[in-house]
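Okay, so chain A shows up in both of these, paired with chain B first and chain C after.
Take a look at the complex of A and B:
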């Protein structure tokens, strides 16, 4: 085991534990703002894991996207929650036992696969950051062009659908029916 | 091999926590947070598969970009529905949204 592998494993475990801890905090705290910030830290730790796995482009993209996304989410949470500060200690959960069982079963099933599947030989090195970005660009523009285009159209459709859903419905009154 | 297993274990734990959150919360925004955590776990697995199994094939990274798109779309459509519910009912509590069952 080389020094690089040891360091990579250490940082993966460190940021992984941080991501797990903050993900738990998301559902443990009563304050909605704290919850949004905990999710931001969890997703940033995931971005740091990408960087530790030498996926520089995806790591930076993840951190940038999540910083923006969670800032927007925090605003919406304060707007829509009945108790955004969590001072009233409201219980906003249901079917807790079922959810715990489902979560544990899902995690354990994935862990069993992770530990016992035959993954084959592990690659020693990945292409450099510059080469990776170039190859990802080629992948997007050549083999995965159709998928990329489909994602673009889907984004456009979702933007229109979200705006149309969120627009306030106003009654159209006929002329002469009064105010 | 241990590095791959560490990454996959983190992904599995995040998936389990996200599943618990998505099923246990009654608020729309909190349910979306659970889904985001689950997708985060899936992305960790995808990047780990790319890095440790096939670093020469970039469809793994492409898949991560698609998952990131799905995360953004889920947020946009979720908040659209949330805004609509808040305007009509004054709440985004999903226990009060039984009529959405159809």
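Take a look at the complex of A and C:
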């Protein structure tokens, strides 16, 4: 084991634990903005895990994408919750028994997959950062093209549907004012 | 060594931008203005408002500072003077700048004040307008360089800077860059004269000093990004490379500040409309146009 491997393992574990800790904070706070930003930092820690594993492009991409997404989630959470600051005695949890069971089953399933799946031979060394970016581009443009296109079209459909819903509501309100 | 030099350049840039900003907004050129202003802020008490979200309130100004500095770290000042020449440099600039918005949302939510909160959420709206216009022009720049490495981007402009090669992308990117560092006319989150300081409203003393410094560094970083992506970075005759980088970045910063002097402030809804109905089609056209140029020209 070289120094680099030790450091890599240390940082991987550190950011992994940080990701789990921030994920716990999401549910321990009653403030919607804190909750959303804790999820952001959990995701950022996962991005840092990618960086620790020498997957530069994926790490930077993860850190970039999550900032915007989680902030937008924060504003929706503030809009829809009756107590976004968490200053009252609101209890955010519900269906506790069901969620506990679901959480345990999910964790066990993840562990089973992690330990028993055949992951194939472990790569001795990661390709250089430049090579990785090129390979990722080829992967997206070739084998994974269909998956990305499907996901993209699905998201686009959801966006158009959401916009259409918003427009319909506004028109009803306008008609009400005109009468 | 390169870290120290880069920080020195960044500090000098922030000072010069502060002097310029003072000159443009007050009409008086005062070389000591930023220093006395900063010292005055440091001398004042830094109040904490009642019932703040203490973590956000304290973290926001340093986070703004860190994101500006990190974005600057991947931009080359001269062929050898770059803190981190990442393989994903052009993407990393976006990643660091995304946290500008996180910092401002934190600064808006943290102090538990109305003006601050309006300012913070406004900037989130502004981000939805500008974020695509940051990423898509950079895509076209990376297409020409065939690389995300920022030094490669500068080298690719040896014959013709991107500002002339892809003028549409250049204009779109400059507008978006002004929105990132919330310069007038896009200074919605602090909106002087309307929001009583907005996100800055509840900050005083050294915390406000850190916030203002971070904003100045952000202006320098965006000016440097425009220089690297569109104006050929360090390349130029006679003068040493770092001087060209500095001169170009300073001119860009001055131009951005001048625009704010003469253009009225844009509401966030209007800005959103302009960005999505005009900006994104233009940016898409720019990607297409650069693609055609790359295929047709040798």
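The criterion applied here is as follows: the second predicted complex is superposed on the first by the 158 of 179 C-alpha atoms of A that agree within 3 Å, B and C clash if a C-alpha of one lies under 4 Å from a C-alpha of the other, contacts with A are read in each partner's own complex, and residues count from 1 in each chain.
By definition in this document, a contact is a pair of C-beta atoms (placed from the backbone, for glycine too) under 8 Å apart; a residue touches a chain by one contact, two chains touch by 3 or more.
Not measured: the values here are computed from a predicted model.
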(request) State whether A:94 touches chain B only (first), chain C only (second), both chains, or neither. (result) first
(message) So in the superposed three-chain picture, is A:67 touching just chain B, just chain C, both, or none of them (first/second/both/neither)?
(response) second
(request) Identify the partner contact of A:31: answer first if only chain B is touched, second if only chain C is, both if each is, neither if none is. (result) second
(message) Looking at A:130, would you say it contacts chain B, chain C, both, or neither? Reply first, second, both or neither.
(response) second
(message) One more residue to check, A:3. First (chain B), second (chain C), both or neither?
(response) neither
(message) On the A-aligned overlay, A:146 touches which partner chain: chain B = first, chain C = second, or both, or neither?
(response) neither
(message) Please report the chain A residues shared by its interface with chain B and its interface with chain C.
(response) 57, 61, 72, 132
(message) For the complex, give me every residue of chain A touching chain C.
(response) 31, 33-34, 37, 40, 56-57, 60-61, 63-64, 67-68, 71-72, 74-75, 85, 87, 128-130, 132-133
(request) Within their complex, state which residues of chain B touch chain A. (result) 1-21, 23-30, 32-34, 36-37, 40, 43-44, 47-48, 50-56, 58-59, 61-62, 64-66, 68-69, 71-73, 75-77, 79-84, 86-87, 91-93, 95
(request) Give every residue of chain A touching chain B within the complex, in rising order. (result) 5, 8-9, 12-13, 16-17, 19-20, 23-24, 26-27, 32, 35-36, 39, 42-43, 46, 49-50, 53-55, 57-58, 61-62, 65, 69, 72-73, 76-77, 79-82, 92-96, 98-100, 102-104, 106-108, 110-111, 113-115, 119-120, 122-123, 125-127, 132, 135-136, 138-140, 143-144, 147-148, 151, 154-155, 158-159, 161-166, 168
(message) Give the list of chain C residues in touch with chain A in this complex.
(response) 51, 53, 55-56, 86-88, 91-92, 94-95, 98-99, 101-102, 105-106, 109, 112, 121, 124, 127-128, 131, 147-149
